[in-house]
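Next, two complexes with chain A in common: one pairs it with chain B, the other with chain C.
Up next is the complex of A and B:
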């Protein structure tokens, strides 16, 4: 897999030469080089043979048998005990909770379809809760954001999304925290759970949306269940991590007092891990929000529906308006949960400016005001439904639309030639190198590279992953996806190093960049796909850009944190010895941040892979297309399922190989998987 | 007790208190404005109609007009849900969907949900006739008049090649959900082309629009009725004529697409409910021109509801006949 390594060369070379002992390095390079030569020679002589190509509309027997799942569910829904006693009651329970929250905040099913608590009450109540768990600043932010939703003309949609997020987070915590505690206390549970969580995080959401909708039928219940699957891993991981990280001597001190297991958990482990757990809640909430948007595809109401509808009519303005709401909601949820985690820090209370007593009085007094506003919003129409004439939504929509039209008309020639240059110069040669090499040769080359990077164990894992992909009948599509993913990751790493270094060196740049990075991560991909579609057309190039926008913020943040974490004494020593800034960056900062760089490459790759399916909506082809097609055409259902699995195995393969390439110390950082925020 | 415990002790009761108070208010806060207004409007027998919204604007036009009439003339509550075609059909079983307003064939789904599961019924044709085919932007027809015959397509393969099509000519296809035989057609007609999927109707329209504006070559999958054809009148390439049964083997298709008589589908429960909205659905029928005029208005920035009102106000006789 020499190309994989070559792509990473600017990042990795310094790393390897510094870390690894000399002897191992030369052997590794030798095998990798040999594999590369074998590959190129094989490509030259055998190219076009044994490529295992399967046209988009053709199926293998495996795909046909997976199609049967569809019919099986249909015929067993009524009388199979699994449905009678598990799925149907589960659906009813989730539906009931979701409808409760929807009824309170968004719309009741009777009368004027007004919610139980109108907009004024919702704003007051949520701000008060933000104040109670966080501080006055986040309370103000909450109020401002929700009033802004109203001004955008999207209050009801935002309330629907909020209600679904709350429901999903509630269920996620109900399942996630106990599981996390178990995994933290018992190492054996953690060992079983970790691969399952890995699987849940790499499985593209589209893949389980279709079967879930089949089993739980479309509507809020399936949306919530899909969201729980997507959002549970962070809180489980971080809870376990928090409990595991309690210092050994603290535990021993507690044990020596004769505490039982339960006592230890309640008085020592949970309280000390609380900050990490709240961080997990934060991550879970953010994940839930992004998933609830996608769940619009299976009839989850809310902002996601507005975005999807706007996409169908290429309405950039409307899509951006709704996207803005989603980003704002994300900022509110993030800041409130972050403030709550600060408050949860041991000793936080001592630093308060106001005494606890004053705070209580303040909370009680404001609660009365809030209750009055809630009552008002139930009895007065103006406080129940947001006034329609206070609407700046159309202005935002038309402003954004004309801006994007101007861009599309005036940049067209430049963008097309740029796209053609990249596609013909880099993407096409690289893709044909992957797709037209005989599969047996490529498998051998990749396994050999894996052996060079991580020994027999990694070679075995890699061989298994590749075997599964071949068995799934999607080898050629997987190689198309791999080509796009690697090109996107290479760009992500270049961006990560450039901006990460800039941010790590200057806190001003950091402050400027961070909100933009947050927006890039929370803005649903659908929203920014539309203008890029206009600029670059429906091509693999556009899909790669979508992946870059989604993955670059993570890589930049991790790199920046790594650079910023280098001890100031080292930096001073370098500067005082007369190094130029360039020398400081290349000789001190980048080599010292190598672990972060490796982590950034790994996460960048995983994030790009997560966008493969969305990229298929704008012409990516490959596995992403198979998944999307399987989602919308019942005859391709099985192929879509198989493609989803192929993406997972491709993800495992790439993850393990980058981890191995980055050498062992990184592995510890990775197991926490908490770098996103 | 640690600080942590104290904080938990403090936060949880306050939160619980708030929620309890809010629920208390919700429960016994007296008549709310929601219920008070409801008392006046629930006299109609119609109730709620769940309308699936599929991913093309022509469909939106049908849905807008149907919803407008059901809401304003019959007093129903209409809930529209953006869904893909297959997912919409699934909704018949769960009660999430009552109505699909424009169905393109989909014999497999019809068999599963109408014949086998008996959760849906056919609600008759929409009056629209659907055509699927290969189209080129108008400027190409002026410059290369003979491109409209599929026999001449190979001559233009190199012109239509793109960086996506690997040296061959490109046939741009649309949403993965759309009915297509294009890969088989390319193979069986011996064309030096490659089918490239753009992924959505949005992508397809954007591609044709830029192709016409910048005079770049493009050959792609498209269909009528479609509002975009009134903005850019794309020209259809003639494939070997359709004969009944020529498309029965999906692998061996070498003929044009059939003409689709588009129809409506509704949930069995909804059909049996005797709702006036079900009667309206069965009667709903209009022409391609009608649909295009509404779709063009929606595309021009009009809210679907307003575009529907405009059409309904301009065609009182048609609407009256539907409501009879």
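Up next is the complex of A and C:
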């Protein structure tokens, strides 16, 4: 899940701060400091009052009316025209496509519920496709991975997940590529959709689910639709980017020959953007896998269900077994689409070792083998359903379970004392600082901070977000989530600075770490919960650690890029004036990479928030818990929906505030930069 | 030379917001570029230009970097939309053309060769050359047949299946030239086509253009900032500064009678004996010159006259369209050569 490609306002240096920057800076610090002092004093005298706590099973009027709305939708689904003519046919269409793929790869709807092309046929066909779009290596990887799913006893589940991913990716591309082309060709379209995409990408995966389940019912259709919404931004962005970034001189040359708009698109823009578009497909596919697994919460079949059930029953062994499949599937999808993007590079096919002719012959020959295997699968039972006696899944499950038990008992001292130390030493105090401060005081403090960071406009946005959260009746839960998010983000930033500086300073470290970070970013969110569940048990702490690990790669990468982008002349000047490495880092590199740091904090926050919410599955409380409870208990549906909304507004608030912090250049940075120009 | 192929009248291009008002405003349009930029924030890249290009002529536009050459040549096919004025091609105003007509003009009448080649990296040499034909809807075998001819003409035979990044800069520009020629346009526009090439290859390519011009006789508008290139290729040369014409004439005119100090500086390093003709150094016929002295035409380049003058014992007579206009002797030739050496 790498959503790094966001056309954020580029790091601005320049005239913004020329107007009396010193005064502005000191005032900003003053206000922030003042707000902090007011908060602490207020907490000392007023703590425990006006906390707006709402016990887990209690509802507000708003939640009850949302419940009623849910009931109303349920009873009017059949004859309301909007449902009759829009939602229901849409659902039917998506369901039809999803069921087609499910029938082919996972389970047909008839008889023994065997897949149409059996496991052997599936392995053969998918490997062949991997070969056709990529190369022999990724084809082998595909075959190995799918056979391994069989050995794990999870072939059908993996096939379900794969079928849903394929369906979602298909729809996403069908919508996303034309939209991206439009945005690339017409600046006006880009202007309209970019903020929408920005907004979509700040939403945690979780929050799409409840509203979609309300409209489209639970099951594959709503899972696919949620996934399409979640996975569309990268491909739209990258397509638009590829189309727009055609070199000016090629474009001019083509115009000078009298091309029409269409001709330009077909002969110039699309061929030159091909590679970028396929990279977009890669990102979209990874995002789709991430969402399809989480959509298990609204009854999407597949590996996600296995993981969620295991998490809920704290069955670490099963969770690890299924989590492993998800990771493997992620690797396969990533490698195949990456190989495809290499092939799409202009001129790739002339560097091939084998000629185009030979390749076609090879493809045709192997296709025949695939067809034979498919035919075999349709006639022989052993080739249709993966043989049960080859199942090593239970062995993995019990092995992991006992390992986890061993770890938990033998590392007890370490894991538990570490967990408790952090929980009692940092987490609890900070959380109670947030939850026990009277809400009006905290609102005032946050709005004041927003004003200091971004002026009236940001203060107004912040006040609105907080007001909505209060209105939703979930103030206290929001503060619990906020506490976890902020603590985790702080750790993420520490990691980001340490590793980012190391990577930015040494290309060797960079080369070593980058593949790991890339791999980390492609994993679906809640796979991260599994190993830490094994170590630390089901607590808030586990969710926070998972959030840290999940968000760290983004933060590290952005920081490293920021450090590496500092002009070598500035570095040379600093070194030649006799600075120690430590001085170079603290006096030159970090201040100059300030904006990257702020951007890293921004992205880190959004990733952490997404994860802390998902962490509800392993015992993190707060808004995430309300959302999950809403899926499980229909009486809590309204509260869950409200919690989803609260997450959205919390996300907007954090996003805007960190963006404002990033957009305000400090004077010191400017003066350090100017000699470089 | 027959009726003009291209004729440009009162052409303006002003970059920047509100630029369209400037040509019409007598006060603003009288300002210098620097003042204009300061007053309005607009950049007048082409200011009130007027010139004609005859059929079959090689017309060179010259000027320093930023003088507006590229803008001017792009205005001819409206790759850059002119602010005001008119551009007549075969008597029709390009400024009035609709999108369809404009496309036809670009497809059949005028094609362009670019400084940075502008080749399509995903297409082979063959497909790059045939790109223009494909755009105008020629059938595949027709356009490939034509492109093979052109590729041979520009000296790239054997490279049809190569991709641009496998070729040297000079060869890439040959592809660019081939692409422009493939559509058999009446006019070819060159925007500093050889300035990205190294000197030896540049010389080859200039020879190539001269050869093609001789073989095909196309009208050419050639932008360069290199005076020797201009003198070598151009029938006539237009010198631009800050978007305005400073002087327009044959190379001979520019070197012999520069319009102002700017051009005088510009041409001061030119080897004058190679450029000037006899008419610039002709003295009145002296009393003692014999009537049977050798006769040379006034259009002879001075360097070409050297053997005759040196081998003759008496001054040499100069004739212009059948009439004796004066004489030259060793001294007059030597003084030209000496002034060149001093300047160099």
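Basically, the second predicted complex is superposed on the first by the 505 of 677 C-alpha atoms of A that agree within 3 Å, B and C clash if a C-alpha of one lies under 4 Å from a C-alpha of the other, contacts with A are read in each partner's own complex, and residues count from 1 in each chain.
Definition applied: a residue touches a chain if its C-beta (ideal position, glycine included) is under 8 Å from a C-beta of that chain, and two chains touch if they have at least 3 such contacts.
Nothing here was measured: the structure is a model prediction, and the numbers come from that model.
Of the two partner chains placed by superposition, only chain B is touched by A:363; chain C is not. If you count the residues of chain A touched by chain B and by chain C, you find the higher number for B.
Residue contacts after overlaying the shared chain place A:567 against neither chain B nor chain C. Legend: residue contacts after superposition of the two complexes on their common chain; A:577 is shown touching neither chain B nor chain C. Once the two complexes are laid over each other on the shared chain, residue contacts for A:267 go to chain B and to chain C alike. Residue overlap on chain A between the chain B contacts of one complex and the chain C contacts of the other covers 267, 271-272, 346-347. Chain A meets chain B in the complex at residues 55-57, 71, 74, 77, 104, 108-118, 125, 128-129, 132-133, 213-214, 217-219, 267, 270-272, 274, 296-299, 301, 305, 308-309, 311-314, 343-344, 346-349, 363, 367, 370-371, 374-375, 378-381, 384, 408-409, 412-413, 419-420, 423-424, 427-428, 432, 530, 533-534, 537-540, 616-621, 625, 628-629, 631-636. Looking at the complex, you find that chain C touches chain A at residues 77, 79, 102-107, 111-112, 114-122, 131-132, 134-136, 163, 165, 176, 179, 183. Here chain A touches chain C in the complex through residues 249-250, 252-260, 263, 267-268, 271-272, 346-347, 350, going by the rule given at the top. Only residues 2-7, 11, 14-15, 18, 21-22, 25-26, 29-30, 32-39, 41-42, 48, 53, 55-57, 60, 77, 81-87, 90-91, 93-94, 96-97, 108-109, 112, 116-117, 162-164, 166, 172, 175-177, 180, 183-184, 195-207, 210, 213-214, 250, 298-299 of chain B touch chain A when the two sit together in their complex.
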